[in-house]
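You will see chain A twice below: alongside chain B first, and alongside chain C after that.
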Partner chain A sequence: MLLEIIFYIFASILICASLGVILFKNPVYSAVSLILAFITTGMLWLLLEAEFLAIVLVLVYVGAVMVLFLFVIMMLNIHQEEEKSGFTKIAPIAIFLGLVIAAELIALYWIQSDQFSGLESISNSSLSVDNTLLLGTELFTKYILSFEIAGFILLLAIIVSISLTLRTRKNVKKQIASDQIAADPKQRVRMVDIKRGGN
Partner chain B sequence: MKELLTSFLSFLDPQWINLIWSLSQIAIVTVCLILTVVFLVYFERKVIGYMHARVGPNRVGPKGTLQSIADTIKLLLKEVIIPDKADRFFFLLSPLLLLIPALAAWAVVPFSPEFIIADINAGLLYLLALTSFGVYGVILAGWASNSKYAFLGSMRAAAQMVAYEIAMGFALVGVLMAGGSLKLGEIVAAQSGGVLSWFWIPLFPLFIVYFISGIAETNRHPFDLAEGEAEIVAGFHVEYSGIGFAIFFLAEYINMALISVLTSILFLGGWESFFAGISFLETSVFSFLTEPSLFWLLIKTLFFLFVFIWLRASFPRYRYDQLMSLGWKVLIPITILWIGVECVMYVMQIGPWSV
Partner chain C sequence: MLSLQSYLTLSAIIFSIGITGIVINRKNIIIVMMCTELLLISVNFNFIAFSHFMQDLAGQIFVFFILTVAAAEAAIGLAILVALYRNKKSISVGDLNKLRN
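Up next is the complex of A and B:
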């Protein structure tokens, strides 16, 4: 009973936050609503006793991804989004995509609901099991190949995006620490004896 | 203590007794933390004073001990000024966004074998998530102030926190490999024994990297570019007065204490005694010196707090590009390298841990 009350509180916060993401005109407010949505999703996962996934969601999305989002939004200095000009143009596509996602979810729920009952029993029985350990063991034994491939793709993405943005400019006044340390006063300062003129 | 509470409130449901018990623990920790911060500020001003060959605060109370309390009262009584065209909502919210994660992180800190508010399974991850959450208070404060200086401060803070969080996370990976658990209590238990069995010896580079990135995460000298009073006035909190400023100050010092206590727990054996494992002490009348207790944790924490202050008095501030190159090009490679070394040590069975 208590769990259900908590669930519905979090679920309604999640829905409000998700609506906030698309309804706020100020992009910073939208980004902060998205952060709230991520945190509330994490809370919902905690209710399912998936503490590892919940904390990793908060750690990765809230702790790193959204910081960069906010960074970009603030740097671009968009204080007010322009009037929703393209709204009518985008709306049909958006509604279509929304319907596809909804249909997929419903299909998953109705057609394959018998497979979910197995999952439920796992989440109920894992009261004393450390699910970080469980996930780690599964990932590094059974699913090692797909895990490694995913990691490799991410590494590739990092290298590619760095190589796309990396550019070397000429005439940049850059500090070269090794040159500074190697500097020798004998090469820099020339002591000169100046003849003193008579007065 | 809990038995006493249970017998006293036996007419209540055990669920409610648990709730009251947790709430009272939280209250004790919070009050102790705030008192710690009050005297930490005094300690800092005194220590830096003597390092600069000054006396430091010496007017309010005996030897100036009540100076911080006087300052707090002054700050609380001052007017809260909200700048024109500032974003009121985030301007008022962001000090709390910094303070709440700073306090919430203490929930998983094991003070002694008996006293942990919540010994959760993913304690280490929880800490990492909460320390990274604090950056929003800084970013939003700078943005909401509608001031160029504050905004520059918050941009610097964002880049710095993201960079140093990675090094910090990798250092924690090393600890969890050595400890074999994400539970902080079990990590301390894995270090049981004397000074030589603590993790600071096998994980020495990670220990140094963790503390350095901890300083960077708390925006303290020499990494306090987000404040940088010589360049951008006071950085992200330049527009805050009165209680808003006081909360930023409080959060910064609580975070300092958190990093100190975590360094002691993860690398210096937490509540374990310095003298544990010395056989002639264990059998003599001084055997109480070898017992694990809260006292040892406090001594270690106090030492790291002193190091924070010491560094502040000793080093000039880093330049922005130096800060970034230190984070990305020095600290992260060191941690990755040492995790590799640790893997080899683990397989070869060198080191204090057992499989």
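Up next is the complex of A and C:
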């Protein structure tokens, strides 16, 4: 009973927060609302006993991705006036589309409910194994290739995002390493015969 | 007792809110990217719910990889957005018809 109360409280917070993401005019409010949605999702994942992923969600998304979003929003300096336009014309179609998708999915789940009848919530807490250990064991044995590919994708993301946003100004006196390495010492020192003066 | 359907229903509601946000939004690409994050989170919700109710850890592994790829996608998307804003001084969806001609 307590579990259901917690679930419904967090579910309503999650729905309100995700509605706030699409309804706020100011993108900063949308980003903060999305942060609330992520934290609430983490709480709901704790109910489903996915403790490691819940913590990872809060750390990675709230700590890194949403901070990046907020930085970009504040860096771009969007004017408030031009945001008002273009919200009304397509809104009925969009709301209709969303309602149709939600109705289809929910009807599918509840009409076919006998498909789910065998699945029950079994708590792992009596088994005295922790979620992180199980997840790590699977990840480092069975899915090791995918894990390394994921690391490579992250490296790729670093390189791509730096190279996209890197901007080099002109007339900056900085070192160019390739020119320095390619320099030939024979061209740098020139021996000049100086006629000896004096007697 | 909480059934699997209640989790799936919540995930479906979040998914449809994300779809609505993508379609309704014609002014700001950042909001569209946030709605993409909402879609990803609802799909991850489905994975975790099935993983819990079927006692199978593969769902959580998949969520781990989806989180990785989503973080990379957000970083690259925001980098593209910054480069775009530098060139066009606008991030409106309606202004992005440069590729048309």
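Note that the second predicted complex is superposed on the first by the 115 of 199 C-alpha atoms of A that agree within 3 Å, B and C clash if a C-alpha of one lies under 4 Å from a C-alpha of the other, contacts with A are read in each partner's own complex, and residues count from 1 in each chain.
Quick note on the criterion: a contact is a pair of C-beta atoms (placed from the backbone, for glycine too) under 8 Å apart; a residue touches a chain by one contact, two chains touch by 3 or more.
If you're wondering where the values come from, they're calculated on a predicted model, not measured in any experiment.
In the overlay built on the shared chain, the residue A:132 is in contact with chain B alone; chain C does not reach it.
Contacts of A:13 after superposition: neither chain B nor chain C is touched. In the superposed model, A:56 makes contact with both chain B and chain C. Contact with both chain B and chain C is seen for A:64 once the two complexes are overlaid on the shared chain. Of the two partner chains placed by the overlay, only chain C lies in contact with A:110; chain B stays clear of it. With both structures placed on the common chain, the touch criterion links A:99 to chain C but leaves chain B unconnected. In the superposed model, A:165 lies in contact with chain C only, and not with chain B. Counted by residues of chain A touched, the larger count belongs to C, out of chain B and chain C.
When the two complexes are superposed on chain A, the residues of chain A that touch both chain B and chain C are 52, 56, 64, 68, 75, 131. Against chain B, the residues of chain A that register as touching in their complex are 28, 32, 35, 51-52, 55-56, 58-59, 62-64, 67-68, 70-71, 74-75, 130-132, 175.
Residues 3-4, 7, 11, 14-15, 18-19, 21-22, 27, 30-31, 34, 37-38, 41, 44-45, 47-50, 52-53, 56-57, 60-61, 64-65, 68-69, 72-73, 75-76, 78, 82-83, 85-87, 90-91, 93-95, 97-99, 101-102, 105-106, 109-110, 113, 116, 119-122, 131, 134-135, 138-139, 143, 146, 150, 153-154, 156-158, 160-162, 164-165, 167 of chain A are the ones that touch chain C when the two sit in their complex. Those residues of chain B lying in contact with chain A across their complex are 87, 90, 120-122, 125-126, 128-129, 132-133, 135-136, 139-140, 143, 151, 154-155, 158-159, 161-162, 165, 182, 321.
In the complex of the two chains, the chain C residues touching chain A come out as 1-10, 12-21, 23-28, 30-31, 33-35, 37-38, 41, 44-45, 48-49, 51-55, 57-58, 60-61, 63-65, 67-76, 78-83, 85-86, 91-92, 94.
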